[in-house]
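In the two complexes below, subunit A is the common chain; its partner is subunit B in one and subunit C in the other.
Right, the complex of A and B next:
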């Protein structure tokens, strides 16, 4: 069965890049351009993994993650923050979110899918 | 009999004055040994009574008082004159740093014997030079008019006149008994309108200050002293000032009268400086905060488009969605190389900023340097063979582990090694040497390449300086590798230096790193 992944990123180019890489690797990809849509999609589709930008237009990706961690259906989905906030403050912010990972932008397109797959049970 | 009381009394009077004035004051015997010292002296110079009294003045506090100019004053000038006024000495004191001190001294022949006592008042005028300039002339004039008659009183009078801090002695009715010369100068009043007057009536009643009344009439009768009482007041003659008041109340031996000694220090300038310093600190802190916020934003904003540039180029180059012709493939590879270069620049600039603002975090561990150096040489093997270079390694068998941040040490060494390769001629020689020296290890990365012209020796650490030669391409480096490496070495408590005999004569970079980290984590 194809693995299902939700990508939340407000930058259309970066969203497309991640989608391409994942689809080429055989994932089924759901996209959202803001946190609200992302949360709704996560609840509806229950993907195997969520890739989340941190600076989103409506709220921070970490805030969205906290909401999902309260959600009965979505609380166990691993969340990988794919973010350009790679400085200490940014890393600190996501440290306390359970079952989460971190990939800094710019991503390495050759290892990206492998890094993601490691988080899927 | 009468004389004994006089001496005791004057002695007590003198001691009280010494302890009332905030200006550091020191009394020396004729051998220049310390007889007594005011409490402010201890505070100001951060010394203890035990290490002060009985000592030769030059030996005080780690010999920090062994100042040529002071020797000249005490040994040459003072034996010829009985006093000196306002001798400026600039000196770097061990405990308090570089200071300009104003020295005032009086030499007093003791009544009872032949011994002499030297009174030395020390004023720190580093921050107050301006005020003092205008006062110089008047003080000397007034000084000449003062002749003391009573030998017993002379000691006390001398002290009063030695200190530059305005000092006033009041009787129990708060009438002025005597006043220091500096008081006249500072408050611009004459002796005639001062002595015998009620303190509140002095100089057009400018001393009729509610807070001073409270101090003298309410507090002082209960306590015998008060220290560092701040009074803010608009004086008729000298304008709005903040004064620091210190007082002692002395019961005279011979009678029931009390004498109140009041030392007045103008701390207006000090307060202003203090305020300005706090403001400056606030501004600096805000600026630091704004800077790190700016850097975090910059980092984010640059990485976001770079993610697209590098990412899509890689996807194209990998021909994920179809083949490219040779030219297309070459061009898209150029984009990848430039994109990675840009990313390296961003990372190095941010690292430089982090080091400079003291925000670079260190993850210390025990590093097996021998292995690490071999590892780095393997990492560089590819670029070394591409240029047909010969690499020699001389790593001491007994090279110890060091306590350092692994990633940073690797970054430093890789930087230096790639510089050696980059600036070498095809077929040249490079190498790394490492050994232990005392409590440090020394690593030298050398090459026989293009070297550094003497006039560029300083510039190589400035950042973005790159030598254009046929042997190095402009796009190869960021010009930040060496400055950043130097900063990272220094962050570890080590040193980085560059030696080159000149252009085309090779370069060696010497790095020392402490075996045990001096960095506080």
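Right, the complex of A and C next:
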């Protein structure tokens, strides 16, 4: 079974890069450009993992994560925040969300997929 | 770029606007006026407003609402807004701050206060603009770098995917970070399953630990690591491989992980093994060739000596009465010499120096004619089976050589059986293609007739098989074998451009397979040799030329005794001289082939200019190239093998004279 990943990012370049990296490694990739679409796709496809930008046009990624954690079916999907905000405040915001992690921007194309895989296992 | 800051003044009272205009224009500001909240929001677009002076109480939407709407617009989120109010109540100020305004000013206006507040907020606006420009630059830089990153990644992946060898890379902990397509294909593993794991699971389980140890060793001592090993592919096939691994560094110079390339050297290994086998085969063939040459040379000299011993003992036997005890002694000498003759004959056969007269043969008929003799040879306790192949092709060889081969092989089979068992003689046909011959040194593509002799006896191990064709190698007890039997077979097969294969296993038995080239002309039956009877001469003159004096003397005595006139010469020059001097006809020249001054054939040609009717009988311990090609006699050439007996000499001389 191919691993399934949902990528939520409003920046087209980031989205494309992450998608390329994951697809080359053999993942099936779903994409969303805002939190609302992301939440809907997560409920529908139930991916193995969700990659979420923190700054999204309609709400903060952490807010979307809190909504998903309330969802009966999507609550156990690991959520990885891909963010440049490595300030203490940002990390605190993520820490409170169960089963989550974060990868700092700019991403390392060599190690990115490995880091994602670690979260799935 | 505009040269003056633009201030939007919003008030429903024109005189208020005029007043502000009167204050601010002289200070170098440009004024845009709006008479209502709605008007203000409209004028924001397209006027590059730097600051807004906003009256609170207006018909329609008031100043608080305008502030709220401006703040909601992402473009004007940071536009400085000063609310102008007559009220001094703190509630208005709280409401204004909540709506998002930056500052307040109260009527009646204090001119200096107005200027100060406007200046200070324009300064904030200028900083904000600067920040926003920085951010825009930064964002476009990030976009560009992300694109570059993506491009570099795509290129890198295409690059390693283009390589035919499996490639992988791992992090500092030895966990897979990626691999190329041929790695996926070779091991039947998807990147997604592999990435992040540290196990290889690519090889027999016990090697997994070794590979992880190797990884750690390399990561501890960064550099290059090359080693040979084996891996199991997706189909479970084990491959010989070379791992080429090297560490790579992070930007800070620390070790980031390792990259590995797996080179499949299975074909190389196989080729090397095959090359070694062929080399061994070639060495063996060369050794046999050298031993053969040596044996041939020795046999030649022995034949000369044996001729003398056989000849003189025959002459002596004629002179001595049978009752005389010396007769018995000389008879023993004669018998021993004849047996020795047999040994040199076998040596010559091995050395391929045996003179033969090949004819087209049907092997089935030749073997059948020998069966009775062969079954006597192996004894009645051993079952001899004969399985002739149907529609056998003819071969061209001397039938006596078939006899020699079969006799030797059957004797060996008998000895391997230790009394009881089965010997099978088979014939058949075989065709070798180029591919088969490429793997079997010495085999030439074509059609062959197979002659196989098998036994179910004790068999041989590999070491013995490697030596069986060497002359004087024997597994039999002292006095039981000469070690020449299989050497003879080998020599005969080679002389006839054939091949021989041995299949044997200890305890299972042995099969010899002899392949003889197919002959394309029709087969004839092996001629029956008439029994010899001494034929006498009728006074014909025979000239004998031989540099070995004892043989010369012997021949003279034998032929003289048979009624011929005999002339002898030790050297060709003497012979030529003698022929010129001699008054009557010389009927026959008997000459050695290899002599000083000139060879036998040359001498024969020279003499024929003097005596055109002269016939020639060549004699030799083995054939030389002058009268035979590769030991095969030219048509019409008369030849006598040394050593010769009285009978055989008498017979050959008669044949030569009557031909």
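As a convention for this text, the second predicted complex is superposed on the first by the 120 of 121 C-alpha atoms of A that agree within 3 Å, B and C clash if a C-alpha of one lies under 4 Å from a C-alpha of the other, contacts with A are read in each partner's own complex, and residues count from 1 in each chain.
Simple rule for what comes next: a residue touches a chain if its C-beta (ideal position, glycine included) is under 8 Å from a C-beta of that chain, and two chains touch if they have at least 3 such contacts.
Since the structure is predicted, the reported quantities are computational estimates derived from the model, not experimental observations.
Taken together in the superposed arrangement on subunit A, subunit B and subunit C clash. Of the two partner chains placed by superposition, A:72 touches none, neither subunit B nor subunit C. Of the two partner chains placed by superposition, A:95 touches none, neither subunit B nor subunit C. When both complexes are overlaid on chain A, the residue A:113 reaches subunit C alone and has no touch with subunit B.
In the superposition on chain A, A:55 makes contact with subunit B only, while subunit C stays out of contact range. Of the two partner chains placed by superposition, subunit B and subunit C are both touched by A:21. Within the three-chain superposition, the subunit B stretch that clashes with subunit C turns out to be 314-322, the only such case among 44-52, 314-322 or 458-466.
11, 13-14, 17, 20-21, 24, 106-107, 109-110 are the residues of subunit A that lie in the contact sets of both subunit B and subunit C, per the superposition on chain A.
The touching residues of subunit B, when paired with subunit A in their complex, are 295-296, 299-301, 303-312, 314-315, 318, 320-321, 339, 343, 350, 359, 361. Subunit A contributes residues 11, 13-14, 17, 20-21, 24, 55, 84-90, 104-107, 109-110 to its touches with subunit B in the complex. Of all residues in subunit C, those touching subunit A in their complex are 142-143, 145-147, 149-150, 152-154, 157, 169, 171, 175-178, 190-193, 195-196, 256.
Those residues of subunit A that touch subunit C in the complex are listed here as 2-3, 11, 13-14, 16-17, 20-21, 24-27, 106-107, 109-111, 113-114, 117-118, 121.
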